[in-house]
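We just call them A, B, C and D in the order they show up, numbering each chain from 1.
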């Protein structure tokens, strides 16, 4: 996972890590068949859902998630070789990274001012650049590999305030075969409601509840149609081949204006999904056999 | 409907109207193959569910409801020929019938005392009997046909306080083919919960709610296992061949300890069942086709 | 509890045990101030809710339940002194009692036919009577005390098929002070819906569920207005002075056409009611204090 | 609303429009008492919730929303005086703005490449700057006022693909008096669950549903504690002084680990909130009076 450990957050990070400028462009390259699959950040334990990824998956030609990877988020303070920490007046970084190191900065560099940059990698790159204007800061907060790539010294390691911070990436491809169930799977869907108000969300969630399905992520995203018009991006436990998941999808498809299936794939943590006795495939098979006998 | 109009309420009425002593015996005769079908009272707009029928259907060898009939309940005041109304001191009838004529009695025979009998028909029969003890009353409250059968005079007609009172009968047979759907059907089931407390009832009702199914009758009946151990006898709109009904039955079968299917049959009032757009057979077919395509 | 142990089932039993002919008359005597309180059967682990009691409590001048008593149901086979069991051809009893001894009868008196009587006590009394017609049976199924009162021999004891069978009685008075909470209380209410179909039942049950209240009995009873028009008689854990119970009652009162409060009283089994941490009086007090601070 | 019309989206826009660098700093200035109130963007019909604002309101010293304003989003294509549209090779703008003009660009400047900038205002400012490096683009997509402030020519107006696009701003102050109810109000809260999984969301939404309260916005935001640990930021109809809103808040406070009240304020569209007959203040008053009478 060398690639992933290089990524620190969000779209801008990916832009530096791939030949694609943005997540949207990366996904378009998959759609166009230029590449078979890409890995894009979808969720961050500090910053939340990555809007650019969610929106790019929710619209356009359908794509499918094939897997997920959890990547710890680590930050270093990097500067050109020979920089003395006491001379740092400004620190450049992406606005998403800054809140994650605020505690360390308050303790170790309380006088330094923050300078926003387009990405954490861009903050490092500008320090390494030799031509043109000097950036208005002397050090960058970036991923360890960015410091290495751009030849900067690391003045401090692991400066993130939250040691458990992690970014979740998903591997995305064009639709085709769905990965085989492993017993520890997740499914991702986007639901578009018939009417706009989120009040109808209760009806959607009951489709999960009546089949004993646990959600692990719920994000609302605007459809763009009007203020207050949202769709819901949801991850939940189980695989599309599970009976209870299939029935939930059938229920959602009925009550929603539209449902976009974004894939079933193995959980990164490999934690098995436990169905209750009333929601196993066997329970469904028994119940269906009974119904079949009733209908004669 | 000569048979039905003769019946006025409950088990005792049936006992007089058929060769069988009780509803339970009538249903046992069907089970034993002695008769093909019987008509038994199941619900009364004044007295509620007929416990003897519900319990006899809930247990024993399975039986199936093939249809339903609604029969207006009418009562007459009957007495031996030549009886003068002013001489009536006591009135015999079944304890279920008496509350239904209490208003008329208070107005027209305020001095008469009530004498309970085993059935309304038995009250009439005892007045007609010529041998042995005289019954301790001079008139009976019974169905019109009972007065006719036992040769009594009708002193007053339609003496029921509630002109809209009606008894619902069901025609019951051994399991076999289910009647064809008519578009105006009902289905009857009995649900036995895994745990005893009625709190779990909410979970059962949600199985109906998420499929947009309307219930028309709900009765709790003790299972006999312990105080507070109940099963639920339920009528709801729709036919077992409807997709939404099938899915509801599958859901109930999964979450219940047991479900007994008691039949799908045409409604007596022929009122069509309206499915919402999200719960029609077409909506299910579309959603299932979509799921099928996902599973590829 | 000599009185209660004499009672074996239903209204007819009570009629023999008290100066009142029926449960309805007994409750009317309380309403009229003729007596301060009566004990009436409300629920039976074999036969279910006692319709006559439920209906008499649901309508008329309001009454309040002050307490409950659980009484084991025991049956004996009784006959005039000197009767030999081998000579028994018919057995008299109330139609509610007969199903409860069917197993014993099939084993010990398989040839005996069943003769319905107005009550189990009446079955015993007729055997003891010396004048007029002989009853068409030689033995009675009744409560032990009925055999004793009417001077019959007991040919067999504890012949009920279900040794755990029990009848629940409630003590009823005119409204006044509600019994103090004991920490192990029940509350009884009757709910009348705005519209007739039981579908609205889900909305009512959610009022309980959102406050973590457990129901222990639910009965539907017809209102008499029309076929399918039901009210719901419900027992649930907790006392009207509990915050969660008060809030549930406020919720029910809002969404129902009417709610009749039938009392809060100590449970017969003294089992304490456990509120979840989010539904204790303290949790309500904290939340209300917070709301008060918000409203300034 | 001159100030607001200048703002086009997100935190970066605000940074250019106010003396504060970021939304977080603006809100901190209110907390510190440096200013009485600020207006910050909270929701955008195209981009969704503004994460920086939501997170800054969810944590730190409590603040209160006093009102809301809806501001149409309009974009212009701006360039230094004398620029010919045919010479444009690159266009600078914020990554949130670019997707909103993609359609116009594809039609009118299909060859132009996109260059991300820190804000739309920064894109304009760099074009106006005379010293140092030239930006790697010839035109900017920004708000009309930004073009005016930085002395750029407007080459095209209203180039947003969605004419109905709008940003919702809220006016925020320190806690104190809540605005008086107007009959057309909204309330904003943040809910922190006891356990992490979104499955518990259903329980929270039922607190709204049982009181007939309609939500108008729901956003999940990570708490930062762990992947999958979310809080929910919700707007709903009604004022904290409404009974049904007060009861909903009491219910949420009980079942949540914490609830942060972010204010009740007049809706920007002045659309009156309609309570159902069962959820008016009068319905609550009646029900509470009844409960009071029961408790004696």
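Here is the rule we go by: a contact is a pair of C-beta atoms (placed from the backbone, for glycine too) under 8 Å apart; a residue touches a chain by one contact, two chains touch by 3 or more.
To keep track of the chains, here are their UniProt names: A, B, C, D = Prephenate dehydratase.
Fair warning: this is a prediction, and the values are worked out from it, not measured in the lab.
Which neighbours do chain A (Prephenate dehydratase) and chain C (Prephenate dehydratase) have in common?
Touching chain A (Prephenate dehydratase) as well as chain C (Prephenate dehydratase), we find B, D.
For the copies chain B (Prephenate dehydratase) and chain C (Prephenate dehydratase), give the interface type as same if over half of its residue numbers appear on both sides, and as different if under half do.
same
Nearest whole angstrom, what separates the Cα centre of chain B (Prephenate dehydratase) from the Cα centre of chain C (Prephenate dehydratase)?
Distance between chain centres, rounded to whole Å: 22 Å.
So the centre of each chain is just the mean of its C-alpha atoms; given that, what is the distance between chain A (Prephenate dehydratase) and chain B (Prephenate dehydratase) in Å?
So the centre of chain A (Prephenate dehydratase) lies 58 Å away from the centre of chain B (Prephenate dehydratase).
Enumerate the residues of chain C (Prephenate dehydratase) that touch no fewer than two other chains.
206, 209
Run through the chains and report each pair that touches.
A-B, A-D, B-C, C-D
How about chain C (Prephenate dehydratase): which of its residues touch chain B (Prephenate dehydratase) in the complex?
Contact set of chain C (Prephenate dehydratase) toward chain B (Prephenate dehydratase): 11-12, 21-22, 24, 43-49, 51-52, 55, 70, 95, 99, 114, 116-118, 132-133, 162, 164-166, 168, 197-199, 201-202, 205-206, 208-209, 214-222, 224-230.
Applying the document's contact rule, which stretches of chain B (Prephenate dehydratase) touch chain A (Prephenate dehydratase) when the two form their complex?
Of all residues in chain B (Prephenate dehydratase), those touching chain A (Prephenate dehydratase) are 177-178, 206-207, 209-210, 240-241, 246-247, 249-251, 253-255, 259, 261, 278-279, 283-284, 286-288, 290-291, 294-296.
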